[in-house]
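So, here's a batch of structures to check.
Common to both upcoming complexes is subunit A, partnered first by subunit B, then by subunit C.
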Partner chain A sequence: MITAERKPLAEIIDYIDNCRRILLVGCNECVTVCAAGGRKEVAMLASAMQMDFMKRGKTVDIREMTLERQCEPEYVEELAPFIDQVDAVVSMACGCGVQEVVRRFRDKRVYPAVNTQFMGAAERPGVWAERCHGCGNCLLGLTGGICPIARCSKRLMNGPCGGSSKGKCEVSPEIDCVWQLIWDRLKELGIEDRYEEIILAKDWRTERGGGPRKIVREDLAQ
Partner chain B sequence: MERFEPVIVAFCCHYCAYTAADMAGTMRLDYPANVKIVRVPCSGKVDPIHMMKALELGADGVLVAGCLEGDCHFKTGNVRAARRVAYVQQQLEEIGIEPERLAMVTMSAGMGTRFASIANEFTEQIRKLGPNPVAAVRKGQAAAEPVAQVN
Partner chain C sequence: MSFQKRLTSGEFVVLAEMNTPKGVDISQLMTNARRIKGRVDAAVVPDMDNGVMRMSAMAGGVLMQQQGLEAIIHLYCRDRNRMALQGDILAAHVLGIQNLVVVNSESMANSDHREAKAVDDLDEVSLLEAIRSLQQGKDLAGFELEGTPTFTTGCTVGAFADDQQMAAELELTRRKVAAGAQYIVTPPVFDVDRCMPFLNAAADLGVPIIATIFLIKSVGIARYMALNEPGAHISEEMIRRIRKAPDRETECLKIAGETIGALKDKVAGVKIETHGWEHRLASILDYAGL
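Take a look at the complex of A and B:
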């Protein structure tokens, strides 16, 4: 999923301080799962914003909405009946959701309420860790299913480096050395000879090196 | 000057604090009428939004009262409640509202005396803090014109 964390309240308030009516929009997908921008978080932020305004003697009307997926136009369309009644939209979706609202409602101010982080997985309740970098050319088949691009601090294709110590990365003792994890996994699978195969220099054009990316499925595209 | 009488919402677990409050009554112990009890099946059922809404809608203080550690009827509801209280306290600090307006307390069903003394102490603590700054505005001003409901 795409992970996110809520921005500090002061930053959000700074965006909308002169607004009287606000549409606060969450998303039922990734940001709900990582507890950053789902229905609950929308309610919490609305309450916090309301209290912040009231404490300063101001009032604000906040309409709370949570869309099924804020990154798809048919769901964003659900905002249309309310959009003219508000001064600004505050989105708790990832950056994709914010920009989809911007694309549909060009004359409306839209502000983000979360910092979009990374593509990750839940290690345990309340803890999410980076797992995929979206490099556009998956290497997991060569590395025992563990990604050195997302999980090695140096994105080494052939590791480990000299900073690996007792299975940990020199950047932080909290970070596992991913090349240690890869080696352990290859050994578990009995295919440690794979480790000897040198992975060639990666073509980064499939990542961001080729500019913003787009997928077009001709059979589905309208 | 008129003495400030705070409104305190106490979310009380059915298995402990609620029964303790009942016992305080049976024991004829005095505790302030400021404490309004909301019975919940477990303190772990109290969501952060319940605590926030209580304060947003004018409560001067909020108590979440659960079982003693290790005694939760649902194993860890009280531990989770304590973490949620700490989280909401952080949120309140960010808004600039005293985090002391919210507290987690624990007791067993037989601790009627403890319930009464906590009710007294917390009421006194909130009285010292004064009225919830949000409540003052709510009483004094009309809200902005609401965004119309559609459907």
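Take a look at the complex of A and C:
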């Protein structure tokens, strides 16, 4: 999923301080799962914004909505009946959702309420960790299903650096050395010889070398 | 007189672009440097900003200095992060390079190493800020330097095809000047009259303007530029003039010289791009009356 964390309240307030009517929009997908921008977080942020305005002797009218997926036009369309009644939209979706609202409602100010982080997975309740960098040319088949691009601090492709110690990364003892994980995994699977294969200089064209990326499925595109 | 002193005193500046080789054979570069010595005020050494992997501008700049030519080296953001750029800037000063020009770079997708990962840690404006910070004795992380470098630093203006793009480029250039650019280098000028609205608007930036003179070497190049660079304003008349000339090469040199002559009282200087014809630079300057 795409992970996110809520921005500090002061930053959000700074965006909308001169607004009196706000549409605060969450998303039922990734940001709900990582507890950053779902229905519950929308309600909590709305209360915090109301209190902040009240403390300063001001008022703000906040309409709360949470879309099924803020990155898809058909769901963003649900905002249409309310968009003219507000001064600005505050989105609690990831950056994709924010920009989809911007694309649909071009004359409306739209502000982000979360910082989009990374593509990750839940390690345990309340802890999400980066798993995929979206390089566009997946190497997991060569590395025992564990990604060195997303999970090695130096994005090393051919084994650990000298900073790997007792299975941990030199950057932080909280970070596993991904090459230790890869080695352990290859050994478990009995395919240690894979480790001997040199991964040559990566072709980064599928990452951002060719500019912003797009997928076009001719069989589905309208 | 140094490039910096000529700029500040208002003396007309003549710069020549000198490309480093894709390899380690510097004999042609050295020969060309000797040819232009005494006829130009400084050599501008591009780096890999046009997307071709080649010997770095730092080495090229040092080689120019060794030949007695003052060097101006290109700096850009696609291939180096802020650590590498700052390190190179300090090294440039220590190696005697006194002039920098911050330039845009070709996209990696259009380079000869399309698989490479672009860096783009800084942009042109923040790189200019970094150069200013280093000259004030601090790096971008705020740490004090042991000894501070000094440079005369410029920037380039991107090519534009219409008034709207020109306004956008001027606004970006305004930011670069605010970030420390002390002179600007224009896109290639072929039609001085059509360039005047830009030169007049750019004069408001308050820094010397150096016009780029791109030597057209053939009818084919003229046609290519006319087709692919609509902002260059290469007229059919100019193409016809080259085509009908008894000696087309000489005609191309004359055109470049005449363009410089027409610009002489309108800009602070010119940067001449001869693209391998450095041995004809003296002729261009003769036709320019310089």
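Just so we're on the same page, the second predicted complex is superposed on the first by the 222 of 222 C-alpha atoms of A that agree within 3 Å, B and C clash if a C-alpha of one lies under 4 Å from a C-alpha of the other, contacts with A are read in each partner's own complex, and residues count from 1 in each chain.
Heads up, the rule we're going with is that contacts are C-beta pairs under 8 Å (C-beta built on N, C-alpha and C of every residue); 3 or more make two chains touch, one makes a residue touch a chain.
Every value quoted in this text rests on a predicted model; they were computed, and no experiment measured them.
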{"item": "Simultaneous placement of subunit C and subunit B on subunit A, clash or fit", "value": "fit"}
{"item": "More subunit A residues in contact [subunit B versus subunit C]", "value": "B"}
{"item": "Touching partner for A:A201 - first (subunit B), second (subunit C), both, neither", "value": "second"}
{"item": "Partner chain in contact with A:V60 - subunit B first, subunit C second, else both or neither", "value": "first"}
{"item": "Which of subunit B and subunit C A:A48 touches, first, second, both or neither", "value": "first"}
{"item": "Contacts of A:A10 with subunit B and subunit C, given as first, second, both or neither", "value": "first"}
{"item": "Partner chain(s) touched by A:P212 [first = subunit B, second = subunit C, both, neither]", "value": "neither"}
{"item": "Contacts of A:P125 with subunit B and subunit C, given as first, second, both or neither", "value": "neither"}
{"item": "Subunit B versus subunit C - smallest C-alpha distance in the overlay, whole Å", "value": "29"}
{"item": "Subunit C-contacting residues of subunit A that also contact subunit B", "value": "none"}
{"item": "In the complex, subunit A residues that touch subunit C", "value": "201-205, 207-211"}
{"item": "Of all residues in subunit A, those that touch subunit B in their complex", "value": "8-10, 20-21, 23, 40, 43-44, 47-48, 50-52, 54-55, 57, 59-61, 63, 81-82, 85-86"}
{"item": "Touch list for subunit B against partner subunit A, complex", "value": "47-49, 52-53, 55-56, 91, 94-97, 133-134, 137-138, 141-148, 150"}
{"item": "Interface residues, subunit C side, partner subunit A - complex", "value": "107-109, 114-118"}
